[in-house]
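Presented sequentially are two complexes of subunit A, the first with subunit B as partner and the second with subunit C.
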Partner chain A sequence: MIIHVDNVKKKYKKEWVLKGINMKVEEPNIIALVGPNGSGKTTLLNCMTNILKLDEGSITLLDQPHTDTSIFKEVSYLQDNRILYGHLTAYDHLKFICDVQKIPYKKIKEVTDRVGMSSYVKRRVQNFSLGMKQHLLLAMAIINQPKILLMDEPLNGLDPTSAINMREILLQLYEEGTTIFVSSHNLDEIDRLTHNIHFMKDGALLKESLKDMDSVTYSIKTNDDDQANLLLKENAFDVQLQKNRGITFSERDVSLQHVMKLLHDHDFTIISVDNKVEGAEKRYRELFEEGSV
Partner chain B sequence: MKSLIKFESLKIIKSKYFLSLITLITVILCSYYSYNYVHTLTIDDLIQDIRTKLEMEEESLAAYEEEIDEGNISENNMEVENILTRIEFDTEKLQGYLDKDWERVTTAEYQRAAEEKERNDNIYSWPTEFTSEARYEENKWLADHQLRPVFPIHYWSTLTIYDEAFDSAVIEESVRESSNKHSGNSLYFLYNSYNVGFGIVGVAFLLFLFGDIITKESMGRNGTINFLTTQPHSHLKIITSKFLTLMMVTIGLLISLTFIGIILGIVFDYFGKWMYPVLIYQPELSMSFIPMGLYLLYCVILFLFVVLFSYSLMFLFSVITNRTSMALGLTLVTLILGMQLNETIRETAFAAYYPFTYIDVEKIISHEWAALHDNFELTLHNGVITLLLSTILIMTLTIKLFLKKINE
Partner chain C sequence: MRLLIFELKKILLTKKFIAICLLIIAGITFLFFRNYISQDFAHGQIAAEYNEYVNVHEQRANYYEAIMENPSDDILGDLEQLEEQQELNETALETSNQLLSQLDTSEWQERLQLENQYYQEVEEYKYANGDHPLTFEEINRSRALNTKLLDEDIAPQYANYSIATPNFMMQVMQIFITFTAIALILLFIADILTREFEEGSIHFLITQPIKRHTIVLNKFIGGVVIYAIVILLVTITPYTLGLIFGNPGTFSYPVVVENNGVIDFITIQHYLMTSTILITVFSVFCITLYLFYSLIFRQTLIALFAFMATMLVGYLINTLTAGTFWAWVNPLQNMLPEQMILVQNSHEWYMAIPVTLVVIVVLHVVMVGRVRRLKVG
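After this line comes the complex of A and B, so read on.
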């Protein structure tokens, strides 16, 4: 079992902030945790990493109790940037992790290149922007190639390019076998990262998740979207032409493979293909804004 | 643990606050050296003084001889004999100064002290017999080991705890001024510096320097402590490594400041002698001398244990309050109150097992308090044991609180 959260309860000053959370992750996956402020996302992550003591329940990570600090050789936690030492450089932070976890220093260069922070690795953290701090936190979290990566709001403060870069890195890590457990407010980015979205409200994990109940909407941009749209419609594909997104269609109705083949056969140049899980935002509104749950 | 200590050291060394205070203490040390150097009696000063004295004595002698020639006083006048003795003594010293023959100078001094002792016929007012004896022994030690003395070494230059009663403030000021020994030589400068710094002043400085080592981690407030706790090492190692780092950096700092003191001495004066005698009070108005090298070593050892104990208090208050200013304030107040209480219990057997007794290092190593309060249990040995046990007790409590608070 990669992650096993068993009836976890936590209270602050007589108020339960986690009300019996249960979760099992048996295979490498990307799991997103979405919920409004105060819903208990960070508390759950802090409990999983033993920053906060559980009042009830148990947690195992990679079949080891979460209180065993040796798990941090294989489990990383990307947390709030207040954990960074302002007067130290990014390199100092990474070097410390290398020392503690016996990782060769050459990994620092690799990971900073990968995250895109090589140019400021020797600068003091106090001079970093929010985005630069997030880069450092990511580098610190992935330098040990963890089997589980827990992330609390990793996209905070990232510009679009950095956000895309982070998403790509996370997808690569997932492909390499890392289980990623991420909490975020950024539904759009979460949509692009995973279909496995869990909602949290008032310290409870809602039974519904978006897993298996959503479809992906693709957006394709070509060298001539108008002509491509006509061609697809002539061939009975259920597609729409949208001003900013190009040709869009749902995975449920149209096969991406067939669309691509048809466009390719008619010598269209594909400029970009983008996908988006539809439904997360809609479902989020249903759950949290309309008070239906 | 090694990596944690390395990281903690890095955090301290890279802090601007630390660097500012280190610069400040270095400046203070250099200023104190300048003060000592300026107040050092040079050989030229001594030669000048003794020549002036000789001239005056010869003038007096001539006046007496005139009186003898005129038959006003007898040839066997006591005062004439005294003047002749003083001239002989001062001439001997002058020659010693001119030749830099320290054995000759100190031999003349201790022989004169012996003569005075004989002449006094065991009747003393001020300085006390103890002091006269101490002066004799000190000069004899210097002569036996052929050591260059730190001047002045005259009649009033030795002041002991038994000479603290003065007839008037003017006399006291005069005596204290003339018994102040300053030297630009490295070891004597260290001796003076350790005596000044190894007490509540030094401890307070170190507490200000390192007072935020726990509180700055913002325990319980999503602070940097969470970075440390999410690494593969036990939480016990976090606090232990902080404590060890503090001790290591403190030792490093002491070595560095000592090194600066030594370099200043060598550059502007001379190194000094390890064998230089330091008076140690013993029971029943007896005394002994130990080499200065050993005295300095004892001072460093006891001070490190005092620091160890003070840090344990600071750690405890840091964990309890989680605020730097409060932790620092409480630690200092506890130390000062502890020292004040110590004043009332120094004569009791309990004083030896009371850690605050040992904060004033000089008074313990020299046995000054032991002699003053007739409690010869106040020793380095007992100090080390008491401070160590107290530290272990406080740190055990601190660690328990830390481990409890870290997951709250």
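After this line comes the complex of A and C, so read on.
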């Protein structure tokens, strides 16, 4: 079992902020947690990483109790940028993680190249923009090639290019076997990342997740839509090729992640992924009422 | 070790740390050159002191002369004692005049011998109920020090203006151990742990594969390393300045101490060694106590307030209590190491060390327990 959250309850003072959360993740996946402010998303993540004490229930990550600090060799938690030390450089932060996790220093160059922050890795964090800090947080979270990557609002402060870059990195990590558990307000980006979206309200996970609901129609544009269409059909995917929209399919019939993986494995370049139906945002509005976010 | 290096980077690479270290060096250098250019002033102070003695005796001589010419009825019975006082005052006046006139011409040995002769005469004068600003304690201390210097053949140094390496080191150490060390430690470590809570970076540390108690342990070691750097600055800087610009002096220079009411001596070397031990033990205690409060309160201001309150209570306890028992059981006894060393009445300078070390260990054990259960919101 990769993640097992069993009837987790947490209260602040006398108010229950988590009311019996249950979740099982048995194979690598991208799971999104969506909900309004105060719904308990960050509390759940903090409980999973033992930053907060559980009042009831239990959590195991990779079949180990979440209280065992050794799990952090394989579990990373991308938190908000307050955790960074302003007067240290990005390199200092990454070197520290390499030191405590016995990761060779050459990984620093690899990960900074991957995230796109090589040019400012030796600069002090206090001079970083919000986006640069997010890059560093991502680099810190993935330098150990984690099996589980927990992320709290990772897209905050990212410009569109960086957001796309982060999405690509996360999809690559997923393909490499990392389970990604992400909470975010950016419904559009989340929608593009996964349809395994869980909604959270008032400290409880709603029974329905987006993947259980009405389908969303996707359209994907690649560097060679004809060949990609043929490949997908050869692999029994129910897809259509449409003029101007590229390859389209319904989430009900075809998994976006599987399509992306197959195309990636065959070296197709994904130019864009769009969903025709509003997907997560539409459902979010239905569940939480417009304007409550 | 890896966490310690990271901790040290967080502390040592700050502008605050570098600025304070430079200020320490600048302050010591300023003090040395103040001493250097004040040699004539210090010499003048001795002359002023001798001059004051002469004035005192002259005033007393005029008084005796006047009173002897027209003795009032109420002192007729004391005439014999007044005559004795007048005679002793005349002798002391003569010696004090000699001291003043020979100050610039005589060798130091000659001057100290004459000073001792003068102290002897003043003592006799005071025994004869004569009035003099010097107390018996001051007379005894000064005479004993002069005798020691003569016996050891060590030239005297100006008390607060010496440029002899050992004496200047002692002067710097005296300033350092009188609350300065604690103030510096607080400046350096005030937010060493609380900042992690206040800014949220503790989340980063506790989501790393490291044992939680090592976080606090490494903060503690970081604090001790900072203290070590400061004490090195406080010893090496005056030593270097003294060697280059001052004179070598001698570490055997005597320092007067009071041992169960009796005047005794230790050398400057001994003073520097004992004061370093005491201030080190007390500083380590303060670092531990401050980290303990930081862990409990998690806010810099509250932790500082709690620490200062503890020091104040400690100071009051030190003021209100005395004796061997309190010296053994009061870990705050070393708050003023100067007193522990120079006045060893009913206690020895080292007595508070064991209890301080025990409290340090106990605080660490409590902190390990707390940090293992640490949950941060």
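The criterion applied here is as follows: the second predicted complex is superposed on the first by the 223 of 293 C-alpha atoms of A that agree within 3 Å, B and C clash if a C-alpha of one lies under 4 Å from a C-alpha of the other, contacts with A are read in each partner's own complex, and residues count from 1 in each chain.
Operating definition for what follows: contacts are C-beta pairs under 8 Å (C-beta built on N, C-alpha and C of every residue); 3 or more make two chains touch, one makes a residue touch a chain.
For clarity, every value in this text was computed on a predicted model and none was experimentally measured.
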Subunit A as common anchor, with subunit B and subunit C clashing or fitting: clash
First (subunit B), second (subunit C), both or neither touched by A:T69: both
A:I51 touches, of subunit B and subunit C: first, second, both or neither? both
Which superposed partner A:Y77 touches (first subunit B, second subunit C, both, neither): both
Which of subunit B and subunit C A:S119 touches, first, second, both or neither: neither
Touching partner for A:H87 - first (subunit B), second (subunit C), both, neither: both
Partner chain(s) touched by A:V100 [first = subunit B, second = subunit C, both, neither]: both
Set of subunit A residues, in rising order, touched by both subunit B and subunit C: 46, 49-53, 69-73, 76-77, 79-80, 82-85, 87-88, 92, 96-97, 99-101
Contacting residues of subunit B [partner subunit A, same complex]: 2-4, 6-7, 10-11, 14-16, 218, 222-224, 226-227, 229-235, 407-408
Subunit C residues within the subunit A interface of the complex: 2-3, 5-6, 9-10, 13-15, 199-201, 203-204, 206-212, 373, 375-377
Touching residues on subunit A, where the partner in the complex is subunit B: 46, 49-53, 69-73, 76-77, 79-80, 82-85, 87-88, 92-93, 96-97, 99-101
Sites on subunit A touched by subunit C in the complex: 12, 46, 49-53, 69-73, 76-77, 79-80, 82-85, 87-88, 92, 96-97, 99-101
